[in-house]
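Note that chain A is present in both complexes that follow, paired respectively with chain B and with chain C.
Take a look at the complex of A and B:
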């Protein structure tokens, strides 16, 4: 049985010489929360705009609800779009904004009915009592909710959100994160959420799609992405790994920390060794680890993050090594600034990428 | 007690000093002259002399003479027509320059093109319409050559129509500028959002674009109104003296040293302009919108 709501097949989009999207294929199930992660310029917003119908792809097809919508106009696709800067109508009230699509859209809903449906949506996003306010009289978080309610009022089966939390401050962002999920679960619609923040992508998506330079480089659950990044680039975006350049040959990886056995390497277009921040251990310089990596590094500073402490070490040539210590594992050790330490880790827990890897 | 001088006190002192030049200027060159005109309108005018004995004679004369009241209505009629024609010609132009042209450079170039006629003098721009509209003018020649008409159209020049054509051309740019400015400030995402919600172009225009450009329309209308209501040169040059606006009356009265009557017309004109501007400002709250 085909449960997919939405499917992309080999979609390519160019702006002149720039390839914004390269042969992107993707399948999205019903009632799913999908987040698109990538650095700016990776093509994630382009992908969203192509899906919405604001841009036409050069090649490839887009299917939605079992029909080919590649050449269907944006407003006839039944796909909702929440803009990055909300794009509210500045001269209208909250109620008029939310009801706009109902009263002015393709199928004109009579005003009383439209206002009823709009009021439901306003209640859903928690803005009851603000119907009559102008959108310049409400806060950024409330504007975000109005934008969402305006899109949801059209009862789309797929909602596209373009960095919806980008314009909010950190506190509000984490609150809206929970609310977005809750609203989505209540309505049972599929959300596609574009973000440049790895925390947001991993926290919100049922599945995460990682994009780089117009190409989808990995798709998977947050756990899969986090534990088994498909390439050095993915590991880099996740902002959770210390990366070492080096060479993989005959099942051993050689880099600044010496040469270590690396039997289970992942195939990639360059040789790279990744160690998660919380896998790094710090030993005094005098200690001699039996075998495994040993990297001399100078301690710089620490950052207290509440549940953990991040410590920063300089491994020479400006290579910054980060070490995360979860406070639940015990009190942190204190290190002397500008003193050398020995960094090590269990090689089993490292992720190795290489050109000669079998898989 | 110098220590009790607070920052607020000092700031309000600075504010007062900053206001002085403006107040002095406006009093000397606006308030005093207007008061003077109102005062002179009640002076006694004899054929060769004027005295400051108060009288309502000039006012009575203005409102009892068909020439004067007729000219008041002509002024209002021409103002309304020109306001409409500058809007009808100007709004689509502004829509194109401010909204449809995506490149900022190109829209600036187009606005400059609109302003190019201002590089020549006002009178030349007005008089240039004569060889265009005349009986043997460019338009008639072209239409005759094309065989569209057999007889030259005489109504084109030295009529109310020629005054309206001339004024529309001269003042249109004052309508285009403010509207194009407001339109260019509209966030394109808003229009895309409206389209995504299923609204067609007509709906988007009437519900989103037009309301958001309304402050520009009002500012443009104020510019055009103020200039058209005070006009005398275009009507003088293009109507063959058939169209007499209040401005023309003032020119004639001042020319024949009838200061009292000129003042009456001046006061009437000022009141009309005041009412028009106050009315236009009621349409939108400009302080909030700009």
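Take a look at the complex of A and C:
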């Protein structure tokens, strides 16, 4: 059974010498929420623009709804796009913005009917009563909703969101996140969501696609990505791992913390040892860990995050080690600033990357 | 110390500048109220009167001074300026729109367009009339050959204005319209054009005023029927009466009225542009 709504096959896009997108292939199912994670310049926005039809790829094909849309113009694709800067029509009211595609698009819905449908969308995003306002008379979060309502009014089967929450403050961001999810469940739309925030990507996506330098480097559920990053780069973007450079040799990893057995290493283009922040344990300097890693580090400071506490240690040569303590696991210990401690962890829970690994 | 000296100096400079700018017009205005029909275009004012204004409109009894032969020339010039304005602005908007994406030979085309305002007008006029007379073999008219030179002259101005406007234009609103299924032409009409309208207005004003008082190109290219600047120049060769000054005051007032309309429309559009800028600031 083919439930695929959307498919990319070997799409490559260059700007001069710069390869913005390198041989990207992807398949997206109906009613799926896909988030694209990557640093700025990783090609994630380019990918959306190519899908929307604002840019033409050099090679590769794009399929949507069972047809090849590679050479179809943007306005004939029927794919919605929500811009980071919202790109509302400044000369129109909220109502006119939302009804714009209905009244001016291919179907040319008569104004009364279009306004009826637009009003439904405005209600859906919680902006009832603001229909007559100019888009300069509403707040940033409200503009975001107008942008979303404007796109959803066209009932697209696929909606592309280009860092749609980037312009909002943290509070609004988490509220909009919930609303996006609720709207998606109500309307049954496939969402492709580009973000630079790992929290957002993991929280929003049914699947997460990690991009780096124009290449898709991992695709998986948030759990898979979080627990088993496919490469040191993915681990780095997730911003949840302490990374150690070292050497993997004969199934053992040697780094600043000593040499540890690492039988289940993942194949990568460089040797790297990753330990999640919340796997790190702190021991007094006098303690002798029976077996396993032991890293001497100086305590710097802690940050209170509500549900957990982040503690920062200096392992020498400016290598910062982060330790996360979940407060649900008990009260945190207190550490003395500028004092040395011993950091350790269960080697079974570490992720090891290496050139000599089999897989 | 420095500013104590520089500020008054700059003030004097600006005062002189304003004096030279408006001095001629002030003198013109004063003399236009000279007594008629015997008073001449000089000081002192014998007696203040509106005689010459009435003379311009043919409201005075016939005298030895003939009425100004401007009626038809004025109509011709206004029609020519309107035609030029429409064609140059449309061309200017379209070509500037084309320059939003770089294309092969775009630099060459750019200079080709801008050349129209660089070439000395007398040469363009002369060249056009030679081309019409000797090579193509068509008659010269204000609405054919002269019109062509006016468009070639004002088009670059409209083009440059629109280029500057579109340079700052955030094209994501156009992409947003496309993604809503709106075709590029409707997008241009409903989104792009309303937003660049202040620029279009400026381009129109440039084209209209430049065409209205164009002299060197028209001199050779207009053929038998004269435009207003040529007709005014023609009266100088006989004898100058204050009626020409009265006429000058009236046309200047007309220009001011035009500028005021432009200013009002511009203010309305700028408010809209500000909305857009605000939206971008937040993003």
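Here is the rule we go by: the second predicted complex is superposed on the first by the 359 of 359 C-alpha atoms of A that agree within 3 Å, B and C clash if a C-alpha of one lies under 4 Å from a C-alpha of the other, contacts with A are read in each partner's own complex, and residues count from 1 in each chain.
Throughout what follows, a residue touches a chain if its C-beta (ideal position, glycine included) is under 8 Å from a C-beta of that chain, and two chains touch if they have at least 3 such contacts.
Computed from a predicted structure; not experimentally measured.
Applying the stated clash criterion after superposition on chain A shows that chain B and chain C collide. After overlaying the two complexes on the shared chain, residue contacts for A:140 are found with chain C alone; chain B is out of touch. Look at A:57: by the touch rule set out above, it reaches neither chain B nor chain C. Counting residues of chain A touched by each partner, chain B versus chain C, the larger count belongs to C.
By the document's definition of touching, of the two partners only chain C reaches A:167; chain B does not. Legend: residue contacts after superposition of the two complexes on their common chain; A:75 is shown touching both chain B and chain C. Applying the stated contact rule after C-alpha superposition, one finds that A:85 touches each of chain B and chain C. Among the candidate segments 1-9, 19-27 or 235-243, the part of chain B whose C-alpha atoms clash with chain C in the superposed model is 235-243. Common to the chain B-facing and chain C-facing surfaces of chain A are residues 52, 54, 74-76, 80-81, 83-85, 87-91, 100-101, 104-107, 150-151, 154. Against chain A, in their complex, chain B makes its touches with residues 187, 189-190, 192-199, 203, 207-208, 211-212.
Contact residues on chain C toward chain A in their complex (touch as defined above): 170, 172-173, 175-184, 186-187, 190-191, 194-195, 272-276, 278-280, 282-283.
Listing the residues of chain A that touch chain C in their complex gives 52-54, 73-81, 83-91, 100-101, 104-107, 134-136, 140, 143, 147, 150-151, 154, 160, 167. For chain A in complex with chain B, the residues that touch the partner chain are 52, 54, 74-76, 80-81, 83-85, 87-91, 100-101, 104-107, 150-151, 154.
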